[in-house]
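Everything on this sheet refers to the single structure shown next.
Every chain is named by a letter (A, B and C) in the order it is written, and numbering of its residues begins at 1.
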């Protein structure tokens, strides 16, 4: 018990709620604690759970709670009667890819307002619902994602055209509301788009006029 | 430590791995253990986590791990966006549906004394907190609304009985009774009205039993 | 501070034919936007002045209520109706209370004309309080958080989740509600078919460059053709493909950016 309990418990709560493994860096940003204290706390949590049903493990550069391997079989039983649900973050990511394809992770993150974990994208690829359709010619050459035939089949669609237009998903009042709300926030959002559209916009406009 | 550890740890692993609160019934099916043993184990896990960053809570008819409420602020830091505040009209509509279910929009409007916009009802449905549970057999056959399991889970309630103060809620007859009582005993009621509501409550209860 | 003290004056002991004919002069100004309707306004008036809800001084309350309503610059027509109906109810009550002979019920007891309004106020107040209490419950996603991803030990093979179109559309709806500005504008003006075609063209160019004519072959109908051309222009604009025309009126070649660079 070398540490103040709150830090240990804060870290425990953060790791449980996080969408992705939490790195030391992220934990430091979130708690404001020192590296050594975080390491000590994580080690304490790890040893605390060492012989329980839950384990704290280090994966993909961060910490995550997982079930203890010896209970694999019983845990497996969970999905024999009911398939797992798609998480909200997964659904949002998939919806953005469906509507905005071809799109990059940066755009998905700009729209969701949250960092999108690579787990989610990898999971969707594994599920066969999205695929890389190209790369975007911006620094870093990020992948461009699109949906697959499998996606259409599984969601009962003949083509993407069967998806309702985005404007139909909201009614007049809601659109009006959004417009009012956003007039004040307009500037904040400029940044996110600047990267994806504006620069290329200009190029296109020039060439079109030429 | 009255129980074999494996069961306790199995249950811990199962609850962590499940994407929804895990009911007693499912735990029994998955572990093959007896009801009493599962209850004992769950109670032990609950008290084990009572002062940590993670809590085991009973919500929506099952057990679920959640972050402790005192760490709301730091956990919130994981995301850029915060859960939007619920408007008073939304909360009042939800409260009426929760306490009076099944109920119609007309009843909600009569109670609140204002029109309830369809956006509010639609918004509550979209959040998965209310659903249409039937139709009222009156002209027009309006929808009857009730709350969902999701509502219980999201508001940290195990069942509708856990709604705050539900036993004190007065129905129309009880209110009429209070008014009559107050009118006949006018003289005693010149005090603060906080008292009046409570004391007349008791008066009613006595009479109901008589 | 002084305002608060003044409005917390000793309880007004009203009676049916109460003598207050003018509004309480010390009520702090209120705006209707802060209220959930006429019942809410009445409860505010009653509670903030510590009036007896079972013996509401109707004349006083009516005057105060009318003052608030008349004080509003513009009443939203949709809400106005409810407030005006209440105004007329209050006026009626006021005049009925002035009648020399009260109405009697079947058993010969006096009927208090305020009874119905009081019942309504009490019923509403209960839910108003309960709504507040409900808001203080630790709410998932606001105060407490649950796991949203479920990685298990490597030994566990988690089956694939099932597709759910409704859930997908709801998820996109909530994204649309959150985003704003140019992004929103762009999303609303683009049609899904152009987006679909963009992905399709990119896919076809994966293997290498292609003549425009070749790509456009097999698109019967003007609409499909227009969609494809729009998709190509959009891809070009976004630097996702390169469009090369070697000479005026010469054939147009589409090149995937990646193929060129990877080579």
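Going forward, a contact is a pair of C-beta atoms (placed from the backbone, for glycine too) under 8 Å apart; a residue touches a chain by one contact, two chains touch by 3 or more.
The model shown is predicted, which means the values in this text are computed figures rather than measured ones.
Participant: What is the shortest path, in steps, from chain B to chain C when you may only step between chains that touch?
Facilitator: 1
Participant: Measuring centre to centre with C-alpha atoms, which chain is farthest from chain C?
Facilitator: A
Participant: Per-chain Cα mean versus the mean over all protein Cα atoms: which chain has them closest together?
Facilitator: Closest to the centre of all protein C-alpha atoms: chain C.
Participant: Using CA atom averages as chain centres, what separation in Å is found between chain A and chain C?
Facilitator: 26
Participant: Quick one: report the Å distance separating chain A from chain B, using the average Cα coordinate of each chain.
Facilitator: Using C-alpha averages as centres, the distance is 30 Å.
Participant: Quick one: which residues in chain B touch 2 or more of the other chains?
Facilitator: 16-19, 65-68, 75, 81 - these are the residues of chain B that touch more than one other chain.
Participant: By residue number and range, which residues of chain C touch two or more other chains?
Facilitator: In chain C, 145-147, 150, 152, 156, 170, 173, 178 touch at least two other chains.
Participant: Which residues of chain C touch chain A once you look at their complex with the stated criterion?
Facilitator: Within the complex, chain C touches chain A at residues 145-165, 167-184, 186-188, 190-193, 195-196, 198-199, 202-203, 205-206, 233, 236-240, 256-258, 261.
Participant: Using the touch definition up top, name the residues of chain B that touch chain C in the complex.
Facilitator: Listed in rising order, the residues are 16-19, 55, 57, 64-69, 72, 75, 81-83, 86, 88-89, 91-92, 94-96, 98-99, 111-115, 126, 153-157, 163-165, 169-170, 172, 175-176, 178-179, 182-183, 186, 189-190, 192-193, 196-197.
Participant: Which positions of chain C touch chain B when the two form their complex?
Facilitator: Against chain B, the touching part of chain C is residues 11, 13, 36-40, 50-55, 78-79, 81-82, 86, 112, 115, 118-120, 122-124, 126-128, 130-135, 137-147, 150, 152, 156, 170, 173, 178.
Participant: Okay, in this complex, where on chain B does chain A touch?
Facilitator: Residues 8-14, 16-20, 29-31, 52-54, 65-68, 71, 74-75, 77-81, 119.
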